[in-house]
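Some structures are shown below for you to check.
Look for subunit A in each of the two complexes below; its partner is subunit B in the first and subunit C in the second.
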Partner chain A sequence: MTAVASTGAAAFLGRYEGLRTRLPGARVAWVEALRNGAAEAFRAQGFPTRRMEAWRYTDLASVAGAVFGEPLTGVEDATEIPAAAGPRAVFIDGRFRPDLSTLDALPYAADSLARVLPTLDGRIGTIARPAEQPMAALNTMLFEDGLVVDVPAGVAGGVLELLSLATDSERAPAYHPRHLVRLGAGASLTLLETAAGPQAARYLHNPVFEIEIAEGARLAHGRLQQEGREGVFLSTVYARVGAGGAYDNFTLNAGARLARNEIHVALTGPKAEAHMNGVQLVGDGQHADTTTTLDHAAPDCSSRQTYKTVLAGRSRGVFQGKIHVHQVAQKTDGYQMNQALLLSPEAEIDSKPQLEIYADDVKCSHGATVGELDADHLFFLRSRGIPEAQAKAILVEAFLTEAVEAVAEEPIRAALTRGVAGWWQRQGVAGGIEEA
Partner chain B sequence: MPAVTETLETVQSVTDSGYKWGFETEIEMEFAPKGLNEDIVRFISRKKDEPAWLLDWRLKAFAIWKKMEEPTWAAVKYPPIDYQDSYYYAAPVQKAKPKSLDEVDPELLKTYAKLGIPLKEQAILAGVEGAGESPADSGRMPIAVDAVFDSVSVATSYKERLAKDGIIFCSISEAVHEHPELVRQYLGSVVPQGDNFYAALNSAVFTDGSFVYIPKGVRCPMELSTYFRINAKSTGQFERTLIIADERSHVSYLEGCTAPMRDENQLHAAVVELVALDDATIKYSTVQNWYPGDAEGRGGIYNFVTKRGACRGARSKISWTQVETGSAITWKYPSCILQGDDSVGEFYSVAITNNRQQADTGTKMFHIGKNTRSTIVSKGISAGKGQNTYRGLVKISPKAHGARNFTQCDSLLIGDQCGAHTVPYIENRCMTAKVEHEATTSRIAEDQLFYCRQRGLNEEEAVGMIVNGFAREVLKELPMEFAVEAQKLLQISLEGSVG
Partner chain C sequence: MLKIENLHAAVDGKPILNGLSLTIAPGEVHAVMGPNGSGKSTLSYVLAGREGYEVTEGSVSFHGQDLLAMEPEERAVAGMFLAFQAPVELPGVGNANFLRTALNAVRRARGEAEMDAMQFLKLARARMKVLNMPEDMLKRPVNVGFSGGEKKRNEMLQLAMLAPKFAVLDETDSGLDIDALKMVADTVNSLRGPDFSALVITHYQRLLNHIVPDRVHVLSAGRIIKSGGPELAQELEASGYAGVQAAA
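Then we have the complex of A and B:
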């Protein structure tokens, strides 16, 4: 294949033109219509720019200006991945790898999207809003694969791992997996998602999730974003929760040069719940963005959000979170807290919590704090003989505790604690904290 | 001050609409031709006999404005404004320039008396009875008033008394002639011509407004005040206020405004610039009571205002307090640029939207100097079909070591047809800065209402009392006379929203 040197929206639109007959579902009319519609939406919007309100703090110019290649199919690489502890779906450069996955004897269906795409009419593209989100439009136009999970009503699905790895490739691949998760009434599942890649590899990982949670069902969704330091991770999650259902999302946003963790949750049935927590660990040279919207579209729903950002070195953190209470959503209980801790004089944090409320019988609040480590706390620990670096580590851990402890699921919490510890060690080695 | 002598009873017996300032004064007026172009800008400048530099300044602003687009990011909806379908200059015909208050057209004096604005000067010495129609508070310090009627300032009281302390208090048109060096130095230094669409429009066509200069070390002995009145049909009001507080000075400034009840929407696009030098303090209070339109949303003022203060000096302080009850649409973000080390910015706001009113208001605090501090307290009350948005920015630059901000935004919803929105932006680039923001939204609790009703208050009174309690943190920042008026205004604004 010849290298295409064009960049930005034009390059991706060009790629779509070139690939449209070969993408999964190419000869299926509804898939084609879906992709064409998304291509139109992407053409109309282009790559996000800072002039778009939703992107005012995250500049994608470096992504729009980069040349990406296509991932090679059927790489026979020897990517070393740890042994699976249970059911696991593995994606390499966005493609499902049955040989590396363990999805046998599950009490529910889990499959590769590329394989079952023709059967997904009316299922894909129902929650995502490509017209409003250019990255979702890009994903819809070009998705090649993804994970499709269907947990039937009443089934307790246990834990499922979703591992998404980038390979060390010269091609700087861009891939756009589309994952669909559906839980029937009263079903449950813990989905533990890890995204990782080699430190030096350049790539764009642009996943979109569409999650449907029926009445009384519960999905715990843990996300460990540990992409390589040259990677770009732009992910968008759309979730819809029915009456009495619950969606728990915990995201550790720690890797990648540029990462955006965008989550849209709609509570569409009475007494639905959402718990969204996250930790952003942003080191030298990194940019991490968490953007959430919570739509309260039914009465008696509740939502809880706690997001913590720690910034070291020359870095930038972003939090944007909107709670939208529709007029029907009386008796809404919504709460959101976002806090940032600056460990370096070169760090920047931008925070935009937002309430949009059209119902009167509601209890909604949000809070935001920004600051450095408390000098008194540090002095207290130092006066007890604890070295400065360690004292700082203790205080940072304490700062993160509130968000981490909110995670009810043990497997997610354990993975998360390991992720935080790993990041902290790397910062220590890099001297990101000492500089502060 | 205005309406201070009224009791709650008389206030409650007002007209059906509740807006008792909605009368129109019959007076001979002079207009510029309708529409907006360079000739109109020249016309205004000529009318005011302005020096060439100011005309050039206006024309530059007009050129910038023509290239700008009307902002659409605020959470307000209104049909497109035809900027050509309005008069940009309207002034009462004056035979000769009045030399004292006694020479001012009695119709105008009557108008202001009807609005409750004392233009007649009282004797200053404490204990000496003032002139007949003064408020019943002869022991208290009087208030100096600059009265702006449509496009011109018609009277300014207590000028001589203030001049004894070296204080300049006059209309900006006068200042252009009498103190050109000050005007030239500071005009547009806080809000430049191209700052935003409405500021550019104002810079091109501003007609009058107040000018204040407080010299070094002087504490202004009385409250200064401007009362803005829109009277003529199909006019916009574009006033420009400039206040300079020199080192170690102190001034408290009040602003009030009303307009007749009309089915048409009238545009009010003002610019206010404040400059505080070392150790100076400016307290700027507004009770905004423009005609809000009727219950169906017909008529009312579009209040698109740019207000900004620069704390240029060390330890300077600028405090904004606003009670926003009027206007069909409010678009207003009084801000502070905290340049001087240890300077302080404050923003206290109560905004009410009832019927179909829309308000998108808040503040911006720019922390640039070391140890700068800012406090934001915003109380939004939505009733009827009103939409109320707090929009604010706290921005901390890398060098603002030790900067501190605290923000509290509370919203109260009355009825299920209204909306309350909070959009704060926090941008921090300084490690040692500390920012705290909290926001809540709720409605009046049933048990609070029950408690009041059980003690014999009717529902409207109970709501009024609870709302006043909700807004107390802000109201207590107002000078006393304004606080009394503001409390009543809150009550009137909410009439018909319960039961």
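Then we have the complex of A and C:
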């Protein structure tokens, strides 16, 4: 495929040419080969366009047509950061900030990718597929930092926070952090990730995760995407789960002007499990996309996906979910549900569930619904004295309940509840249900 | 005081109420009886302010306020309560949370102090005990998986909690066994007093053995064709609506 390079793609390729001798790992042969390969892939593809099947509903023209700046090094503390409750890794404009992070005395290794990159041969680029995903190619070409977590076999890692903050820079920076998480056999970790930025700041946050979960290990990955309203968030997660292991991903996709939450999970050993749940809250002027692929590549695995999208004002939501059951994956138990609630006649949702099944003894189901608030329900609440805006908020909360209740981890659920409440405040609605 | 004058209302352009007039003084309980299609439910929805019920003529004043100009939640705050014939189920909305939210919304709008969770639970438990409701009905989602009788009990719990000035019971007795019927009657009777009035809409006379009304009205084709004392209900039970309609 040859593409006419967009302004933005040409700018990123030019930046790579200028920086290639200075990027982390520049003198390490395998890193150089990895980046060069990614640069070739990105040069060939450019930014994704709507002609690509996986990007039919999400138009990146506004990103491809823009030139983003480099993040500044040594950014001053422009952002208020709440005190850490526990272990935490903080990234400002994509760069690790040891001064703001708390990673001491952990029973596992957690470090800045820029610092340990030369030791990561064979760990980076093994799960991600930049040849198929231009944003992953762009990330591989230009990543400068990221979080590297290694939980040894049998270790219970507890909760680790990953905070990615944008500053209010005039430079409209683009940053492409590469995060690597590996859990040894029987290990466990709760990774609570927050991505946020000032409301008026323009930036591109393009993180790629590579996650390896060994036999019997369990990773709970909670993600709160609360980027500023002018931000662009294009995130790709690749996870591989071994026998008897589990990956729980919950994503609240609530911020950014344009957001894509792309998740690829491969269940590679028998009895592996994936739970992928999410809530998208899309306000006026926003576009939010959740795209998942789930590879059942071993027998006796199960997967559960529940995604709920709420759309207000003039907004657009996308859900694409593909379950691929390989021929070896007998006794697969797969379930996927995506539901959208339209609060405005100008809101739109595109939903594309896909099942590809090559094994003959499987249980797989999927469903999709699109609806509006039930007028009878709304009238009932109002007839009991509850003002209309609050009644709507209560019904939306109720709509989200199923996805939220599927989150087993209390810290993730609590963060999520706060995130939903914050979204309502930004919509100008105070107060939903009162707890009794 | 509720004063309905020459009320005309249409649904989907079809006239249902055709000049209904009715005055209910504070402290009084009136019953409206009538055959299917006479406009009973339309009357209750017009009073509660449901969308799609278009008032084409006439007026309703409620304690001096123009009821028809008010939003449904404003009517609730002013003291109007509708007990639904078929209460909706709200998956994902806990019954206790719903009740506390409604109670505090009304209290806030009336300038009264909000109830904290402890005060609320104390009050709710006391009311539920009277209604013979198991406490786990507070924890379940609103009306989800409730039997018909449980849904009506839940309506009566809301009535008892919100303590309105005026209650419209829209065929609350339909489908109820005798115990549930008595529970509905007890709830309404316990609220009776100089500051409470009610409009009991029913098909049958049997509820009126337990809630003895001050006045009984017969509704036919969207108008009241006959009014009388409690004995009118018995007369209807004996002769049927056809007899009254023919005589009117």
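The rule we apply is simple: the second predicted complex is superposed on the first by the 421 of 436 C-alpha atoms of A that agree within 3 Å, B and C clash if a C-alpha of one lies under 4 Å from a C-alpha of the other, contacts with A are read in each partner's own complex, and residues count from 1 in each chain.
In this section, a residue touches a chain if its C-beta (ideal position, glycine included) is under 8 Å from a C-beta of that chain, and two chains touch if they have at least 3 such contacts.
Worth saying up front: this structure is predicted, and the values here are computed from it rather than measured.
S.K.: Among the partners subunit B and subunit C, which is in contact with a greater number of residues of subunit A?
M.R.: B
S.K.: Please indicate which partner A:Gln330 is in contact with in the superposed arrangement: first for subunit B, second for subunit C, both, or neither.
M.R.: Only subunit B; A:Gln330 stays clear of subunit C.
S.K.: I'd like to know which partner A:Phe399 touches here: subunit B for first, subunit C for second, both or neither.
M.R.: Only subunit C is touched by A:Phe399; subunit B is not.
S.K.: Looking at A:Lys352, would you say it contacts subunit B, subunit C, both, or neither? Reply first, second, both or neither.
M.R.: So A:Lys352 only meets subunit B here.
S.K.: Regarding the shared-chain residue A:Arg413, is it in contact with subunit B (first), subunit C (second), both, or neither?
M.R.: A:Arg413 sits against neither subunit B nor subunit C.
S.K.: Touch check for A:Asp360: first (subunit B), second (subunit C), both, or neither?
M.R.: first
S.K.: Just to be sure I read the superposition right, which of the two partners does A:Glu372 touch: subunit B = first, subunit C = second, or both, or neither?
M.R.: After superposition on chain A, A:Glu372 lies in contact with subunit B alone.
S.K.: With the two structures laid over each other on chain A, which partner does A:Gln390 touch: subunit B (first), subunit C (second), both, or neither?
M.R.: Once the two structures are laid over each other on A, A:Gln390 reaches subunit C alone.
S.K.: Pick one for A:Arg20: touches subunit B only (first), subunit C only (second), both, or neither.
M.R.: neither
S.K.: Could you tell me which stretches of subunit A are touched by subunit B in one complex and by subunit C in the other?
M.R.: After superposing on chain A, subunit A residues 436 contact both subunit B and subunit C.
S.K.: Which of the residues in subunit A end up touching subunit B in this complex?
M.R.: Residues in contact with subunit B: 53, 327, 330, 340, 342-345, 347-372, 436.
S.K.: Please name which positions on subunit C make contact with subunit A in the complex.
M.R.: 48-51, 71-73, 75-77, 81-82, 84, 87-88, 90-94, 96-102, 104-106, 109, 117, 120-121, 124, 138, 141, 158, 162
S.K.: So in the complex, the part of subunit A that touches subunit C is made up of which residues?
M.R.: 374-377, 379-388, 390-391, 394-395, 397-402, 433-436
S.K.: For subunit B, which residues are in contact with subunit A within the complex?
M.R.: It comes out as residues 73, 398, 411, 413-443.
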